[in-house]
Each structure stands twice: as C-alpha cells, then as structure tokens.
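Paired with chain B in one complex and with chain C in the other, chain A is shared by the two complexes that follow.
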Partner chain A sequence: MPKKYHIDFKQTAPRYTPLGKSGIIDFREGCTRCRPCAKKACVYNVYDKRNFDNVLMLDSIDYLCKNCFRCVQQCKKGLLTKSTNPEYEKMGDAYWTPEIIATNWAQAETGKIPVSGAGYGGPFAGPGFDSMWTDMSEIVRPTRDGIHGREYISTAVDIGKKLPQLYFNDVGVLASPFPPLIELPIPMIMSFPSFGHISKNVKSALALAASKVGTMLLISAEDYEDYLINYKQCLIPQVSEEHYAMLQDKIAGHRAIEIVYSKGSSELFKEIKQKFPDVIVFFKVPLDGRELEISEELVSRGAEVIHLYADDNGNEIGKTNPRFIKDMIRRVHLRLVELCLRDHITLIAGGGIAMAEHVAKSIICGADAVAMDIALLIALECRLCKRCIKNRPCPVTIDSIEPAWGSQRVMNLLSAWRNQLLEVLGAMGLREVRRLRGEVGRSMFFEELEADVFGRFFGKRLT
Partner chain B sequence: MEREFTPSILIFCCQNAVVSPKKLIEEFEHPETITVIELPCSGKMETIYALQAFEKGIDGVCVTGCREGQCHYLEGNLRAAKRVHQIAVVLDELHLGADRVQMLNVDSADGSAFKQSAGAFIQRLKTIGPNPLKKGN
Partner chain C sequence: MTAQSKIAEPADRRQTFPPIKRAPSRFRNPIGKYKIRRGAQCIACGKCATLCPEGVHVKAGDAMGKPRDFYCLGFSCKNNSFYCIDNCPVHALRLVENPLCQTLGDLRWTSDLLISTWYMAETGEVPRADIEYCLGNSNGGFDKLRFKAADTMQGHDVSDDEISTAIDLNRSNDGRPLVTIQVPFYGGGMSFGSVSLATMVSRAKAAAAWGTFGCTGEGGYPEHLIPYDNHMITQVATGLFGVREQTIQRVRIVEFKYAQGAKPGLGGHLLGDKVTPGVAKMREAVVGNALFSPFPFHSVYSVEDHKKHVDWIKHVNPQALVSVKVSTPTDVDMVAVGIYYAGAHIIHLDGSYGGTGAAPDIAKKNIAMPIEYAIPKVHQFLLEEGIRDRITLIASGGIRTAHDVAKAIALGADGVVIGTADMVALECVRCHNCESGRGCARGIASTDPRLSEMITVEWGAQRIINLYAAWRTQLVQILRQFGMRSIKELVGRTDCLYHVDYVQEKDSVHRAAGGGN
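After this line comes the complex of A and B, so read on.
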C-alpha cells in the first residue's frame, strides 16, 4: 500500500501571548483570604499560570481562561467578574472576525481541528460563505473506519490543462502530446497577503512550509530574492510584462509561473510557452466584473490555469455593491462548463479564504484549488491590526520570526485545514477532492432557498 | 538644537469610559508613541501592569475610567484609583516621579474630555522628561 500523505504537525507555541476572549476583572481589594479560595479551585489552574506579558501589555489569564465561570460563582465576596476582552472584540474587521483569527491561531498552534463544546450558538446563515450549507449526511457511503482509516481519501488536485481525449497511432502508441501537469497533494496554494512585514524570514518560512507540504507559493518578482532559489520547485514567480525581463533568466527550473493579466499578456504567454514549454503558466485575473470575458478569452488562447482573485474580504474588486467570491467563481465555472471547456483549465480562487470550510465551499462553487493569503499571516500570529500599512512596527514582530518556527506554524494550519477537508469529504461520502469540484448538489444556498420558499410571497429581496 | 522630547505613554482605557479611544488617539500629534490597551473595566488594571511598563522604560501611564459612581462594575474605577495611588507611591520611592501616572475619570459621552485630559497629561510628561529606566539613557 502506498504511503499515505500526511502533514507533520507539532505543537508550536506562539511567541507572544495571544489575545484572549475573556476579560477577568479581579477586585483583589476586599479579599478576605478565605481558605477555599475560588482561584485555587480553578480546574485549569489558570490563576497559577497567570503571567503578565509586558511587551504586549497583556494578562495571560484572558487567553488561558476556558470560560467555565467556576471562580465567578464560587468567590464568596463576589470579587471576580468576567467580561469579554474589548481588545479581542476589536481585532480584525467585519469579515476577518476575532473568532476566525483566534481559531486560526489555535490551529496554527496545535495543528488539530478546533473543537468547541456545548453546541453551536450562532446564526444559521449569514453573508458570504455563511450563506452556504454543505450536505454532510454521510448517507452516500460512509467510510469503514473514519477519515484516517483504510479507505484513502485523496486531497490531491491536478494543476494544469487536461486533455479532453487521447489519440493513439496505428500501432496503439499514445500520439497526443501530453501537457505539463502538477499534482498538488492539497488543494491549497499559498500567496503573500497585500500587507504585513514580509521580511526575509517570513518569505523563507512560507517557502520552507510549501516545500515540506508539497504545495506551491506564489511570489511576486520584487519579492523573489536569491536566497529562495533552493525552493525553486515550489515557487511560482508572478510576473507582469515589465517584470518579465528581470526574471527571464531565473525561470528555467520552475514548475510554474504566473502572469498578471493585462491587455498584452497573451503575447507574454506565447513567449514564455515557446521558451519554456514545460512550465505551467497561471494567469492572475481580478474578479472585477470582467472575469467571464477574460476567462473565456484566456481559455481560447490556450491558457492552463486561471487564478481568480477577489479583495481581502472575498468581495468583487472596485464595486460599491460587490458580489461575493463564491458567486463569482460559480459563474465562471458554470460558463466554462456550458462551453465544454472546463477541463481545459484549472481555476484557483483567492481572496477571503479565511477558514477551512471556505476551501471546501470554494471547491463546491467550482474552483479546483484555493490560494491562501491572510490566513498564513494569522498563522504567524498576525492580529490584523494593520499597523504595518502605516509603517509602524508590528506588535508581534512578524518580521523577525525564525523560519523553522514560522514554517511549522503554517504547516500546522495546513494540516488542520486539510483534516477538516477530509472530514467534509468523508461526511459527504466522497473519496477525493477532485470530485467535490462544482458539486453543488451537496450544498444548499441560502439565497436560492429563500427565493424559492419566500420569493413567491414577498418578491425579490431588496438589498 | 536639542530635539523636543516626545513621551511614550500607555493608556489603560475602560471600554465603557471612552468610545473607540484608538481613533481618538490618531488625532494626537504623535499617535505612534501612544499605546492604548482597552480593558473591560478600569478595575482590571493591576499595579503590576503599570510597573512593568515603567520597568520597560515607558514615560507615563494613564488609566482612564468612568466617573465616580458610574462604573458598570459598581466600584471598578474606585479600585483603579486606589491602585494608581499605590503605583504613584512606588514610583515616588523609586525616585521616578509620582506624576508619571494618572487616573482620568471621564464621561463616555464626551470624547473631547478624554482628548483634553490625555493631552494635558502628555504636556505634563514633557516637562518631567524621559523615564530614567529607558534603555539608552
């Protein structure tokens, strides 16, 4: 039996105390020092482990506390109060919520699927990816012994062009030319976010993680420095027309290259393909309303991979009333299916991929793989304070991380995300992620259901 | 000519006393030297928080709480005031200057009051001068 693909995860503690959800207000004055002290009764011993982080000015108790409220209830003088931590609540933005950041931190620390008890208390549908429900009823064909059992669930995807049919010559030898293909073990590639202190260490950490996991890292021509040359196999340099001259000599040896789409990029595509026929060429296309025409045009010109990207929050770029990435990918995917061209191209979706479920949901909407960005920075302890945009120092000094530490954190996150993808696939009765692509039959869309059920009474939704 | 001294300050801010203090701070002259830590109540601030900050070389610490009698946790601001006093005593003993720490009681409805009193605190720190424990001094 071939060796199973596995991402090595290892408990990797954060360098700084993470922001905790709870805020314990401890009124020490008035304490009568009674013997059965509520603080001693803490089953998680958080009061013993309590420490004050004088770099970030954080009380570690806010992070350690598991919110069992035992101390609050047991203190006879009522000196302990719990509240949410305002610093935690103000982290991130409306899309990258504190919960998303905190769960990604936990996954990057442990490499395991986050488990929370006591059911789900949140709303059943929301904006963005939350308006999608996946069918995980496991009635199709449950695995015999779980997702890590004997029945192998593959998360590998093929990046590149697939042949619609094969031709053989008279003696039965394959005659069709075989286009280059990359098999990635996970449907996630990595890219750099639009902000952050992306130092040498951060770049090395991500490249190291990409090479260990076997996935690839998109890197812009300016960021591509000589020390990364060892990771050539897993790097996808991004070039625009003006940068091509700069990178021209370095392209040989890469498995893929990305062209930032512009009007004249098809000329560049031809040139690269002529010189390097074995290099797979990605096209980076913004989701700004023109993605359908551009995709069609690129497919007709023989493009192999289209990397569609939305903004950081998964919204259409440059629109006041933007559509969400899942709807836009679905449109492109369906259009290509209609034209019978879907397998001529690989679609990669990027922007707003914040959680493991977003991977599965993007793939259901028609992407082959996703590009992670900000989530990788979160794995390196980013708090999305965006002080880096204002050229202020990073509170968690991301620029000075150890590459080994950083790559392990990123690998932990990838491992946790992959395991969640396995859970989804296992629960759907699917044996490989390639079959999940465009599989909308295994999902329900809130907007469609609402229009179906209530539309006939109340008409179209106004927003 | 000697460059004007810009004090680095730390503000512990009760979330109920000041609405979005980080935005208000941006309007100050040197927002990059001001660190704002929002707390659920000014009573969460412990003396060790401020003392460790002074040890690290911060020039001044300011604790912002609700007006007396208006604390959401009933007496958090009173406890904070006591702790600020305690910090001041320690600072005095260390000859760092008791003036480096201050308790501000402001009304949440009045953002300008916070700006005014924090501004006055920064001015005062400018006259006191830098923290002798700061590295490089």
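After this line comes the complex of A and C, so read on.
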C-alpha cells in the first residue's frame, strides 16, 4: 500500500478581520447597567473578544457573533438587535457569493472542512453546479471501512497520455514507448486569476504551496520571473507563439508546459515535442463553442493534455446565453469516449471552480482534474472587490503578504478541499478519484430527476 | 390510487388528544415578524390595549408597557376595526416589519417559518397573522408544490374529531401488533449527547401524549425515558452505542439506522467536547474522546446480511416492529424493496436536506437526493412490485410544516418523521452551531450542565404538544377540503397537488385555500 498522502494544515489567522454576515447593533442609550448583563452571558464570549479594526473600520463582533440571538432576546431593556452587514452582502457576485468567499476564508484559516449543525439551509437546487447531486452507496457496495482514517482513498490523478495497449517485440521485451506521465497527488492544479495584485510575494506563496503539496502551478511567460526558477518542477509555463522565443531557453527541466491554443499552435507543439520529448504539453483551449472540434483536432495531433477553460463564473466565453462548464466538459468527454480517444488525453477544467464540491462534480462530468484560480486568491483574503483591476490599492494588501503565510493558507484550503473530496468519494464507496471520472451514474441531475419524478405527475416543466 | 377506489374509513373515535396550554417563550424579548413603535406623543390613554384582541398592547398602571408585538397580526390587520395604528387618537403608533428578521433563518427555514412555528408551539393554534407558515423559500421541492383548491362539492362539513389522522405502522399481517399512531408523524432519532436530556424527555413526553413515538437515536437508552417505553423507538445504528438486549426488549419499535440524510454514507461523529461523563457512561465510552459511528454496518454488505439483522431483532423481541432508516441514493427504490424482503415493517427514507447535530456542509448540500424525489420514486416502485400495501413508508429530511407532512403523504408516504420542527418548537433559531464548543447556546442541543438547565421538561413537552395540535388542525383542514375522512386516503394522491414550475391545464389549477401562495 502506498504511503498515505497528507497535506499539512495549520491554523493560520487572517491578517485582517474578515467580514461577517451580520452584526450586533448595541444601542447603549438607556442602558441601566443591570446585572447579570446579557452580553456577559454570551456563550461564545464575543463581547470580551470584541475589538475595532481602525484600518478597515470593522467591529470584530460581526465576524465573531454566532447568531444565537440570546443577548438580543435577553437584554432587559431590549437594547441589542442584529442587522445584516451590507459590506458582506456586497462581496463577490451572483456566482462567487459572499457565502462561498466566507467558507473558503474559513478553510484557508483552519485547514478543516466546514462542519455545522442542523440541516442544509440553502436553495433546493440552482444553476450551474447546484443542479446536480452526488450519490452515496447504501448497504450494497459501500466502502469497507468508511472514511475515518482507516482506509486508503487515493486522490491521485495521472496527467498525460495513457497508452491504449502495450506492444512487445519478438523476444517478449516491451516495445511500446512510454509517453511522459505526471502523477499528481490531488486532482487540482493551480493558476492565477485574471485579476489581483499578483506580486512577487503572491507568486512565491503559490509556488511554494504547489511544491509542498506536490501539485503544479500554471504561470504565464510574463509572470515567470527568475526567483521562481527553484520551483521549476512544479511550474507549468504558459506560452503562446509570440512568447515562445522569450521562454525557450528556460524550458529544459520543467515537467510540463502549456501552449495557449491558436491556429498555428500545432507547429509550436511539434517543435517543443521534438526538442523536449519528456515535457508534457498542455493546450489551453477556451470553452467558447469550438471546444469539440478543437479537442478532436488536438487529440488527433497527439496532444497530451487539454486545459479547457470557461470564464470566471464557469460560463461559456463570449456568449449571451452561455452554457455552463459542467455541461461543456461533459460534452467533450462524451465525444472523446465515443471516438475511443478519451484515454489519449487528459482533460483539465478551469473557470468557476469555487468550492470543493465543484472538483468532484467536474470530475463526474468528465474532467481528470481541475484548475483552481480565484479560490486561491480568496485563500489570501481576497474579497473580490476587484479594485486591483482599476489599479487601486488592495484593502487587504495581498501584494505584501509573507510567502510562508500565504502558502500555508493555500495549503490549508487545498487540504480542506481534498478532505471534502474524500467525504464525497467515501460516501460513494469509491477508493480512488480516477474512478470518478465520467461516472455520471454516481450523480443525479436536477433536470433528469424533475422529469422522471415530477414530470409523470405534473407534465412538462416550464423553463 | 384514486378517491373512488378507496372507501373513506370511519374516523377512529377513540382518539383523545392532550390539552393545549399556553407555553410562552423562555426569553424576555420574543422575536416577532412585526414591530410596533410607540412615539413620544403617546398619552397612555390605553385605547389600543382595550382594542387589540391579540394582547399586543398592555397598560401597566398609568403608563403603556412595551408592546408585545410578537403577537401582532401585521399589516392585514388594517381591515379590522380594532387596528391600533388607525385608532390611536394621537397617531403615536407605527407598524413596521421587524428588521431583525433579515438576520434570522435561512432559505429552508425562513424567519416566517421559525416565527410561525414558535407561535404554534406557544399557543397550539394556526397563526392568524400575515405570516407564511406553510412554505419556505428554497425555490424547489415542497416549496414549489401546492395543494389544489378542491372542488367545493367535494369538501364536507364534519367536525375535526371525526377526521382521522391516524396511521398504522404494521401493515405486514405477520401477527405482530398493529401499532397505530394518532398523527401521521413521529419524532426522529436524536441521541443523548447530541441533545440534552431535557430535550429528549420533552420530545418523548409529547410523543406519548399524542399517542405517537419518539426515538432514542443511537446514544443509548437513558433511564429517564423508561416511563415512555411504550412510545419510544430505539435505534440500532452502526456504532451500536448503548444497544443491549434489554433496550431492544423494552420497546415496540426498533429502528435500524443505515444512514442519515444529512450525511449519507459518512457515519456519525460526536465531537469529544460533547462526550461528558454522563454521555460516556451511557455509551460505554471514554470521557472527552470523539465517538465515531462508522458507515456502514460492518456486518452488512448485502440484503441477505441485512435480513440477518432484522431476524436478530425479531428474535430478541418477538413483539417488536422493525423500521429501517436509509438515505436516498439513486437506487433508493431497490434499497426499499430489499428492506421489504428482509421482513421490515417500516421503510424510513431520510432525504438529503434533513437535520443533524453535525455534518460536513458538502454532504448536507450535495450527497443523495431530496426527499421530494425519493418518496414518489419508492412509492411507485413498491406499487409496481405489488407490495406497497404491506409496508409502511415513512419519509423525513426537510419536513418543516404541516403542509410538508401532507405533501409528503400525497407524494406517496404513509407518514413522516420530524426532527428540526421539534427543535424549533423549543426555540431553536437555526444558527447551525449545535456542534461547536459547549453546544447549543439556547440549551437545546447541548449536554453542558448550565446550558441544558435552560429547558424544563414540562415547558418543552408542552411546546411540542402545542405544535402537534396546530399541525393536526391544518392536516384536518386539508383532508376536509378534499372530502377525506382519513389521512390514509391522501397517500399517493399526487392529483391533489400541483407544482408551480409545471404546465397545467388552466382550469385544473386553483389556488389552494390555506395552502400558502
């Protein structure tokens, strides 16, 4: 049995008070200082821990309060109440919701998976990844020992081309050439989002996290500065035709390189493969409606990895009625299965991967692995205010983080995500994530359940 | 099953129900949907106190007391002659929605549902205020299903007592007792450790008063529950905590818990903090050490293994009924058939949006299917197999209101199991912190000695008794509207329902009276 893989996580406090969902309003006027004061009775002692952040103008109680309403309901004068926090509600957008941002913050702080009491309080179903559920195994075909540390569940995936069969020569010696293959311990690679103050410190933090965890970081030729050279093993430089010249002397020693797809990129692919046969070449292909034909073409030309990417919210690029990444991936995966070419290629899905469950769901829809982006920045306390796009200063000064602090936060997030993936796999009775790929039988889709169950009683669903 | 094929059964005339007694909030400042603001111009004439039949305004001596606005009927009261706002001679009163409600509840348990459940638990009555007490805001499932307004010719005018809400739990004809419960719901398992003893006993007492059942969960059988033996289900779950021959022999129903809807396939986890000396003794474990209830039963990998388990219970207690609790995977219908063939009396499906003391968020949201799909799937499959009338189908996992109960039954269940609604009756606010630190800050789901003192059994039991009374009233209203005399007639009657997201023949849709909107 291989050594058990583990990501070291460690409590890593945020540098700034995080925004809380709702706050306590404390009308001091009229307070008779009675005893016992309802504030003193707080089970979580939030009034004792309370402080005011002068830089961000934040009362830490918004973040510490656990919403039990006891002080509100017990104050003799009724001087305490709660209100929503507009700053919190303003964060992110309809896809990267404040809840998603806050849960990723908590995971980056603790490294632990979010656990809570009481049932799920969210919507019944929703768009995007929220229109599918994952399966569990009841009585028959469960895991043998559950997920509580006694069983080895592998989250490793292979990046590269897999041989459909082996050939042997006349004397029985293996004659198949082995294409290069990278085994990543987690089905998540890292990339930089399209925004953010990506300073030297941020780049170092991410590269350090990638090397400690054993995964890889995609990095553009412009961002690839000399101080990162020590992390060669875990960096995947991204090149387009015009950038190739700038980078070509540096390629040796890397395990993989990514070509930004364009009409002429197959020439570049040939050139790179000729010079560096052991370097795995990724193609970065936009999910913009042409992904099927491009994928087919690339597979036929011998490409090894296709990195399909949607926009930041997982939507088809440049469309008014965009499809969602899970559906686009599913289509590419199924086409390649149909053509019996699926194992010739590794599919990586990027764009809109915001929560641990999105990893499992992308893989069910046919990806081998995912590329994380904005979530990594959230691990570094990003609030998605996007002031950086307008060149305004970052409210949480991401550019000046300590690389060690940043890498630990990212590792914490990866650890929590991986452990959640284990929960999902454990519930299904699967022992490795490789077997989850394309396993739509291990999932349920909203549209199908509605049609199968409610359709028979209520007719056709209005769309 | 259509109305014609099923003859209305006479109501069970032996039914007696426990008395309703007012059980007000434990807290000084109860939360209501509306706020009444009294301006400085108030002359304390006391007119509002005289007018308001809900008791919102109180005159104490020469001054007006703080409005008890949690009883306020809200804006629709404007049509009443006693509307305080318009009647105030100096226009000192102002009615607003309580801004606090924006921070209360979530999409499934909205602030309206919480507040209306508190009201029912306090008064035993169906809310009269402008408040949504039937539907949550989850945008799917029960929240999109509605009862059709039945043909007025169909309805009948019989008294509440003549309409039966009783269901039978043993339909197998195997010579074991035909256990009947007076209301089509019973309490779901919550172990000692996950909730306080007072909470546990309150639920058991309320269940006994209503002639239904409570459930021990898997944390053992505290001796305080012995007086309620006839109304307890004891659970045999994968950790086998506190399971003994005596506990099996003591009860009328034994429940196998294979999985829990909130964390299907993951087993249970009681955090070390909650393993107090009392809990540890009950579970035969070590104080302060986290306890895992594994998944799955390590002795069950097939339906045959499962049958062995059922036979074991039946042998140990020859009078007991066996219930099997499972969650809702894609093949839930096959699982249900397996349960039947193993000889169980009750299939208990626990859907994915159910409650828990602690579960990974990823599991609660994503793993397994919502109960709204699982019920009809299993019901139809059992019908096709020709065995539907030989087993009792019980559903749980997101049953919040009386209307959810009725909808689950119309989708094909015989009855339901409730958990969170009981907690809300005890003034749970759904803060989701049952598991952290000392446990529930409101003393419901905590074994911390000081916190659990916040609830007395007498108060807790009465709150739950009251809630059940208000629920029964609503169930009876629904049955009466469809001309039914027994809740058993509603089973599988999807023709009584419509779903707002589906195309309907225009004339077949009537907005349900009292069915929310």
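One rule holds for everything that comes next: the second predicted complex is superposed on the first by the 437 of 463 C-alpha atoms of A that agree within 3 Å, B and C clash if a C-alpha of one lies under 4 Å from a C-alpha of the other, contacts with A are read in each partner's own complex, and residues count from 1 in each chain.
By definition in this document, contacts are C-beta pairs under 8 Å (C-beta built on N, C-alpha and C of every residue); 3 or more make two chains touch, one makes a residue touch a chain.
Since this is a predicted model, take the numbers as computed values, not measurements.
Novice: Should A:M444 be classified as contacting the first partner (chain B), the second (chain C), both, or neither?
Specialist: Touch status of A:M444: second partner only.
Novice: Of the two partners chain B and chain C, which one touches more residues belonging to chain A?
Specialist: In the superposed model, C touches more residues of chain A.
Novice: Once the structures are superposed on A, label A:K10 by its partner contacts, choosing first (chain B), second (chain C), both or neither.
Specialist: neither
Novice: Go through the superposed model and pick first if A:K270 touches only chain B, second if only chain C, both, or neither.
Specialist: So A:K270 meets neither chain B nor chain C here.
Novice: Per the contact definition in the header, classify A:K386: touching chain B only (first), chain C only (second), both, or neither.
Specialist: After superposing on A, A:K386 lies clear of both chain B and chain C.
Novice: If you stack the two complexes on chain A, which partner ends up touching A:M136: first (chain B), second (chain C), both, or neither?
Specialist: second
Novice: Mind working out whether A:R301 is in touch with chain B, chain C, both or neither, as first, second, both or neither?
Specialist: After superposition on chain A, A:R301 lies in contact with neither partner.
Novice: Thinking of the overlay built on chain A, is A:K162 touched by chain B (first), by chain C (second), by both, or by neither?
Specialist: Touch status of A:K162: no partner.
Novice: With the two complexes superposed on chain A, say which partner A:R461 touches: chain B (first), chain C (second), both, or neither.
Specialist: second
Novice: So in the superposed three-chain picture, is A:P123 touching just chain B, just chain C, both, or none of them (first/second/both/neither)?
Specialist: Touch partner of A:P123: chain C, not chain B.
Novice: Which residues form the common part of the chain A surface touched by chain B and by chain C?
Specialist: Looking at chain A, the two contact sets intersect at 81, 83-84.
Novice: In the complex of these two chains, what residues of chain A are touching chain C?
Specialist: Spelled out, the residues of chain A in touch with chain C are 21-22, 43-44, 66-70, 72-76, 78, 81-84, 103, 113-126, 133-140, 142-143, 145-148, 355-357, 360-361, 420, 423-424, 426-429, 441-442, 444, 449-450, 452-454, 457-462.
Novice: Residues of chain B touching chain A in their complex?
Specialist: 10, 15, 22, 32, 35, 37-41, 43-44, 46, 48-49, 52-53, 55-56, 73, 75-76, 79, 82
Novice: Please output the residues of chain C touching chain A within their complex, sorted ascending.
Specialist: 25, 27-31, 66, 99-100, 102-109, 138-141, 143-144, 258-259, 262-267, 292, 294-296, 300-303, 306, 326-327, 329-332, 335, 338, 352-370, 372-373, 376-377, 397-398, 420, 423, 428-438, 440-442, 445, 451, 494-495, 497-499, 501-504
Novice: In their complex, what parts of chain A are in touch with chain B?
Specialist: It is residues 23-29, 52, 54-55, 57-59, 81, 83-87, 90, 392 of chain A that touch chain B.
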